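Below you'll find a set of structures to go through.
Below, chain A partners chain B and then partners chain C, in two separate complexes.
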Partner chain A sequence: MANVAILIVSHSERLGEGLVELLEQLTLGKVHVKSASGIGGQLGTNPLQVAQAIEACPPANQIAVFCDVGSSIMSFETACDLLPDLDQSRARLVDAPLVEGAIAAAVEASLDADLESVVQAAMRAHGLRKLSQ
Partner chain B sequence: MDETAFISWIRQISARMTEHRTLLDELDNRIGDGDHGSNMDRGFQRATEKLDGEPHETLGALCRTVGMALISSVGGASGPLYGSAFLKLGTSWGASAEVDDAAVCEGLQAALDGIRSRGKAEVGDKTMVDVWQPTVALLLGSVTSPDYSAAVEVAQQAALATAPMEARKGRAAYLGLRSKGTCDPGSVSSAIVFEELVEAIQGKVRRWPWQTLQS
Partner chain C sequence: MEGTDILLHKTVVVGGSEGIHARPATELVRTANGFASETRLKVGGRTVNAKSVLSVMSLAIRPGTPVDVETDGPDAGEAMDAICRLLSGE
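== the complex of A and B ==
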């Protein structure tokens, strides 16, 4: 198992699950990838669900967290307040685009990188061009 | 404020969120994502269900139940924001079964601090802070006993005064100048929360006709 787990927090359950599907295919099951997205089948995020997902990550893992917009970030911060210090300190919110950032992070994590390298890889996704110039 | 008054406050908020759900959704729809009324209605319904289902011995425990119900059921930003407010209120009131006016005001200041640290908004950003800040300031500024009726008026006017502001937080900020002209829905729901707080404490509150904001 890799050193870093990936957690997706999106307003949309389907967006979160879809991204997890994509990341699992890319990492061949070597990385713990989970989504805590949507609330009761509706659009929104649930801090308690986020807190539970962080607690459920393998104990030896650090966790890179990717949010979509606005209140998903507030939900992550609220989740951290609800968690014991140990779990709080192993989860880090990554300032990166949701899809491209999570893909870069998952690939890096699958190579047994540490959290810092995973975060740096995700943040490089800000400058990623899709089309050749 | 004792436990009976607190429970009555939360029940009244719930009833009024149901009543104003369409209005708050509409305000939010103009400048955000359109679910503030539905979210608040769902959150406070959950909160009253939780209050019904569990015995409580202290005001702090009641506040915590409400805060956690809001955090886990609202879904949007108002969940963590109102949730943090009630959690801080609970910490402030602690093991008391009843609190005096001074403690009510101190608790509201703690709740405002919770909202500010969670949302990082300042006065003028077109958020609920625009209502909470002047209302709590007026209550804390009283030399003798707090003037709750004046506080309600301040809250109502502050909510109405968010209409010409340009949003700088949340999804409304994407609209920039186009967010002008509509009252911030979180400010309107906050004014309603203060109306019902004062009704629970002293009764005879003069409620603003919020429905007139509906198009």
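== the complex of A and C ==
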């Protein structure tokens, strides 16, 4: 198993689950990828659900967390307040585009990279040009 | 000569019927990362690092497209063989 797990926090349960499906296929199941998205079928994020997803990550893993926007970030911060120090310190929120950043991070994690390399790979999504000029 | 860096170039035409979409792109990145050598792919004037998944995916290489492959490092020969095998779909 990889050194870094990926956690998706989106307002939409289906968006989160769909991204998890994509990442699992791209990483051939080598990376722990989970979603804490939506609230019981409705749009929103729940700090408790985020905290539980962080705790459920493999104990030896650092965790790269990807949020969509706004209150999903607050939910992550509140989740950290609910967690013991050990879990708080192993989860890092990544300031990168949700889909592209998570793809880059998950593939990097599947290469047994450490958290810093995974975060750097995700950050490069900021400058990504999708179309050739 | 052990420990000597080698620089290799080769042009390969992408085989198969689907091109280098998400899954083959990640396989290519994983393969490139398995070597100490750097691998660059040049397609239509764009050059990207084959060890970066977003770069390779963003190339969206279609079947039949020629790709200039450059490998640079101590295991450039092995890296070139592995990358060309993947791109050509052999």
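The rule is simple: the second predicted complex is superposed on the first by the 133 of 133 C-alpha atoms of A that agree within 3 Å, B and C clash if a C-alpha of one lies under 4 Å from a C-alpha of the other, contacts with A are read in each partner's own complex, and residues count from 1 in each chain.
To be clear about the criterion, a contact is a pair of C-beta atoms (placed from the backbone, for glycine too) under 8 Å apart; a residue touches a chain by one contact, two chains touch by 3 or more.
A quick note: this is a predicted structure, and the numbers were derived from the prediction, not measured.
**Student:** Mind working out whether A:Ala56 is in touch with chain B, chain C, both or neither, as first, second, both or neither?
**Tutor:** In the superposition, A:Ala56 contacts neither chain B nor chain C.
**Student:** Please work out whether A:Thr27 is in contact with chain B alone, chain C alone, both, or neither, and reply first, second, both or neither.
**Tutor:** Touch status of A:Thr27: second partner only.
**Student:** One more residue to check, A:Val69. First (chain B), second (chain C), both or neither?
**Tutor:** First partner only, chain B.
**Student:** A:Thr78 in the overlay: touching chain B, chain C, both, or neither? Say first, second, both or neither.
**Tutor:** first
**Student:** Quick check on the superposed pair: does A:Thr45 touch chain B, chain C, both, or neither? Answer first, second, both or neither.
**Tutor:** The first partner, chain B, only.
**Student:** Give one of first, second, both or neither to describe whether A:Ala104 is in contact with chain B, with chain C, with both, or with none.
**Tutor:** Second partner only.
**Student:** Applying the document's definition of touch, where does A:Met1 land relative to chain B and chain C: first, second, both, or neither?
**Tutor:** neither
**Student:** I'd like to check the shared interface: which positions of chain A are touched by both chain B and chain C across the two complexes?
**Tutor:** None.
**Student:** Could you pull out which chain C residues touch chain A in their complex?
**Tutor:** 22-23, 26, 29-30, 33, 43-46, 52-54, 57-59
**Student:** Can you list the residues on chain A that touch chain C in the complex?
**Tutor:** Listed in rising order, the residues are 22, 25-27, 100, 103-104, 107-108, 110-111, 121, 124-125, 128-130, 132.
**Student:** Inside the complex, what are the residues of chain A that reach chain B?
**Tutor:** 39-40, 42-49, 69-71, 74-75, 77-78, 82
**Student:** Of all residues in chain B, which touch chain A in the complex?
**Tutor:** 33, 35, 39, 68, 71-77, 79-81, 83-84, 118-119, 170-171
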